[in-house]
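Should a chain be cited, it is by its letter among A, B, C and D, assigned in written order, with residues numbered from 1 in that chain.
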Amino acid sequence: MTHSNWGRWGPDDEAGALNLLTAATVKRGVEQVTEGTVISLAQPCGPVAMTSPHRHSPARFMDRDAGDYAVGTRRTSNFKFAEDTVLMPTHSGTHLDALAHGWEGDRLYNNHPSADTRSIRGAARCGADKLRPIVTRGVLLDIVALSGSALAASTGVTDTDLERAYEMGGVQPRSGDAALVRTGWWERGLSTTDYHRDEPGLTLDAAEWLAERDVAVVGVDNYAVEVQPSEPGSMFPVHLCLLHRNGVPLLENLDLSILADTGRSEFLFMLAPLPLEGSTASPVAPIAVL
Amino acid sequence: MTHSNWGRWGPDDEAGALNLLTAATVKRGVEQVTEGTVISLAQPCGPVAMTSPHRHSPARFMDRDAGDYAVGTRRTSNFKFAEDTVLMPTHSGTHLDALAHGWEGDRLYNNHPSADTRSIRGAARCGADKLRPIVTRGVLLDIVALSGSALAASTGVTDTDLERAYEMGGVQPRSGDAALVRTGWWERGLSTTDYHRDEPGLTLDAAEWLAERDVAVVGVDNYAVEVQPSEPGSMFPVHLCLLHRNGVPLLENLDLSILADTGRSEFLFMLAPLPLEGSTASPVAPIAVL
Amino acid sequence: MTHSNWGRWGPDDEAGALNLLTAATVKRGVEQVTEGTVISLAQPCGPVAMTSPHRHSPARFMDRDAGDYAVGTRRTSNFKFAEDTVLMPTHSGTHLDALAHGWEGDRLYNNHPSADTRSIRGAARCGADKLRPIVTRGVLLDIVALSGSALAASTGVTDTDLERAYEMGGVQPRSGDAALVRTGWWERGLSTTDYHRDEPGLTLDAAEWLAERDVAVVGVDNYAVEVQPSEPGSMFPVHLCLLHRNGVPLLENLDLSILADTGRSEFLFMLAPLPLEGSTASPVAPIAVL
Amino acid sequence: MTHSNWGRWGPDDEAGALNLLTAATVKRGVEQVTEGTVISLAQPCGPVAMTSPHRHSPARFMDRDAGDYAVGTRRTSNFKFAEDTVLMPTHSGTHLDALAHGWEGDRLYNNHPSADTRSIRGAARCGADKLRPIVTRGVLLDIVALSGSALAASTGVTDTDLERAYEMGGVQPRSGDAALVRTGWWERGLSTTDYHRDEPGLTLDAAEWLAERDVAVVGVDNYAVEVQPSEPGSMFPVHLCLLHRNGVPLLENLDLSILADTGRSEFLFMLAPLPLEGSTASPVAPIAVL
């Protein structure tokens, strides 16, 4: 039988596994800090962000810049300024999927109606504005180290792999953990097109295993967390397991290379999604504090 | 003589006062955590974000939603998904100004040429992608508590006010602090138009005082950190002092009400700007951990 | 019984009353040209276009401009250029509604399924790309001249008014005409908010009368062609009559002041909608040739 | 000595060769109509428009669609509607370059300062809002017919070619003509990438020849009117000749295939640019009326 968190935090809950974040998990996270080092886990963002070819291209438009002054924009004092507007698919670059992002039938996580996701209001339920800041223990599950090399395209990361990675790190899974899985896919330096093809990633068994261990969030250094293509007859089963049945937000497009170089398996993990009203994801810049 | 950080961290530095964040300040920040409570300091984001009337209106566009399936979008499995694209001025809602945002003459902070801020590449120097994650001690300087009420429009918060607020909080200013100043402006629930008018905020003396104390970042619950209008003959002198001369990024449009309710003056402050390539600011969701 | 054009041009037709445009109507239009004068009927366009407050604000972003060269953008020759990107609701400013814009039940004009209008492909049926260029006789129905003044808010223009306006112009309605109705609403110089409120415009009887006369297109100098508010219990009945039942595209936000000043009632009318794939309208710049 | 129109229509002129459009040229255009046939010369528009890879991708966002009703959007009557917002580079698809698009030194056409083209106001001089509707005689200069096949990449169309094409069409060049040159480039059905490479097009001599003949507008079925690459040491010399020195707006990305099939060399040509405030071009849907 598959693990599910529907109803676990009441019928109105829209935060899912982020409910596993408690005072105790915050403190456990904070306890990991020994060196005072901060490491960004974010890929490049904005016009240079990796984006699936089926999505719009991110863009930045300068609304005022230095050139304007050079050709005569009037100033009333010595102050000058520049500003800009960005256009971006919320699923471009490093981002956290909101629970409204994937579902089956006509129900989102926790039986919320998918029908409340429409053009005008966006995701009125389980949108990015319903996510919460994450401050917890992060665990690096370094499958690259385990395997001796970056995973090949379409390689599944199984529950056994995760167990071994925990062991290798000398860490026990704990409720409320941020589980970060390194496949090495991002580090290959692929073109956008190749990157968005048959990525290595979690199998459904691995996802179930993580859900059963009550992780708060799962992040991977690939574009969709899960191995692609999906098993014949299924599509994004890991999304359905984690996002939909267990309310675990998915953190995609991580850069775990620098973190991996430190050799640390445990650390303080922090991520504060933009409360983008009605969006199905938020671009984020997660960090590890060692 | 005015305080300046130009040259302090070498001629190539684009991170400014964020250099004050060291292993020691990270640890000092982490030491503030006693309860394990996480508080968001962010105002609403996305299409509902407050935005200055001279800027573009933020928008969210649904690229796929539940309605599409309801009217027949083909699926090859039971998986359904929704996604969206956002358009937003980077200075809308809660955001961190990059050092490229304001300058005088033709030089940004640390003598970088303002000429490198153009239409095509955006801010090639001192853009949001040059900011760094902030993990440090936060100090709430609660001028509302000090004054007994939310400040009226155009009220200056002076260096003396800041000194008193530190005293009231029983805190000594330390290098690398995040100084968060509560004026109560946001809590008034003003219309967008009224909010973006004559706000209470820092005076130039207050800004100098903070720069001298080596704060890493200054945040206020108003739209421009500093009192508006500026003194006759000047425009945004606090921006010039903090951003331009001292490399202190400015954190605007905070919501400090919930934090203030806790009565805590010191806490772990965390903020991870999106490394938006070439942008002059990043929308952020800063947090306090108590 | 109400007039309907469903089925009139076959079950696959997506062009509606634009089928009334034939070689004969083109020639009749061309025959109106006596002076060789060209008059634009367009309101301002782009960032300055009038837009209903419920829609996104139009914007123009400079992708390259003179300032870029002034601050050092490299050139390989003496050639310099500027370019820009526009964002606009297709229903902002002067625009032609595509037949996919309005419907009732689950059927567009001519029994096409409304279900083919979705996030991803837009209006796959009856979109702006299915409109056609219009070259025909235009007739100015000058209700301002008829009434002696610009119409007050919420004033209905009735079938009787239209009859009288034809008479006053000494013109007989003909199949394939472009019927342009001047209410004077635009000429009042209202704020965007006031302009988009209770406008004068066509009553349902007037719309039926025009449909029966086989006009190819109806244009008015207001934002929705029809009088607002609609009769109690109905919403946009003129849209349903003209767009939906009769396939008559609606031309909104005209400026008819200069044309009216000429005293001419008949003229060559030309309008070439952008074939915007899947859009529900096209911004246009219609002209009268006298 | 090169032909120039600077000063010809006074120092304030921003319309350039469109001043050649007079009552007489309108009438001459109208006189070409014999059959009453209307032919669109536009390539696909909107998200499917051809766009140079260095520009942003056009997009259409549905702001309301049929799916919204299917999942429960509240209606107060039987009326339903759909609407959308478009994002597009003004130089995508079929478009008319405004005179502000290209220049050399710091002067636009007619000595207007290029410095007035900035981020905030866009092209304050010679923008798309200064263009005018074009109603005139169009002449098809069918180089494909002349050559016996579509031109190969980087093939120059010379003044001699144009002379022969006029001859072949049995037409004399006249002041105020719209000169449409068919190279066959668009008809090749190239990928966007290949289309935007080394196109066949006008040589500088051909451009001078057309300017001397006082054409009002020049249109070609390629992306930049002129042969690419430019002669060594020069960049877009035809743009400088026509747009900059002679104020002739350039009409790019035409589809001349259907028109060519008719065998007609003369016709009524009509094009009404959107008066996009401050833009450097306008998407258009030009037509030929036979």
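Going forward, contacts are C-beta pairs under 8 Å (C-beta built on N, C-alpha and C of every residue); 3 or more make two chains touch, one makes a residue touch a chain.
Note that the structure is a prediction, hence the values are computed from the model and not measured.
Trace the shortest chain of touching neighbours from chain B to chain D and give its length in steps.
1
Chain A and chain B are the same sequence; what rotation (0 to 180°, nearest 5) superposes their CA atoms?
180
Looking at A-C and A-D, which pair shares more C-beta contacts?
Pair with more contacting C-beta pairs, A-C versus A-D: A-D.
Approximately how many whole Å separate the CA-defined centres of chain A and chain B?
24
Between chain A and chain D, what's the gap in Å when you average each chain's C-alpha atoms?
The mean C-alpha positions of chain A and chain D differ by 46 Å.
So which bits of chain C are touching at least two other chains?
Those would be 56, 59, 62-63, 65-71, 85, 87, 114-119.
Take each protein chain as a node, join two nodes whenever their chains touch, and name the resulting shape: line, ring, star, complete or other.
Contact map by chain: complete.
Mind pulling up the chain D residues that touch chain C in the complex?
On the chain D side, the touching residues are 21-27, 30, 33, 35-38, 40, 42, 44-48, 55-56, 60, 62-63, 65-67, 69-70, 75-91, 100-106, 114-119, 122-123, 128-129, 132-133, 135, 230, 233-237, 239-240, 268, 270-281, 283-287, 289.
Applying the document's contact rule, which stretches of chain C touch chain A when the two form their complex?
Contacts found on chain C: 59, 61-63, 65-71, 85, 119.
Please name which positions on chain A make contact with chain D in the complex.
56-57, 59, 62-65, 67-68, 71-73, 87, 114-120
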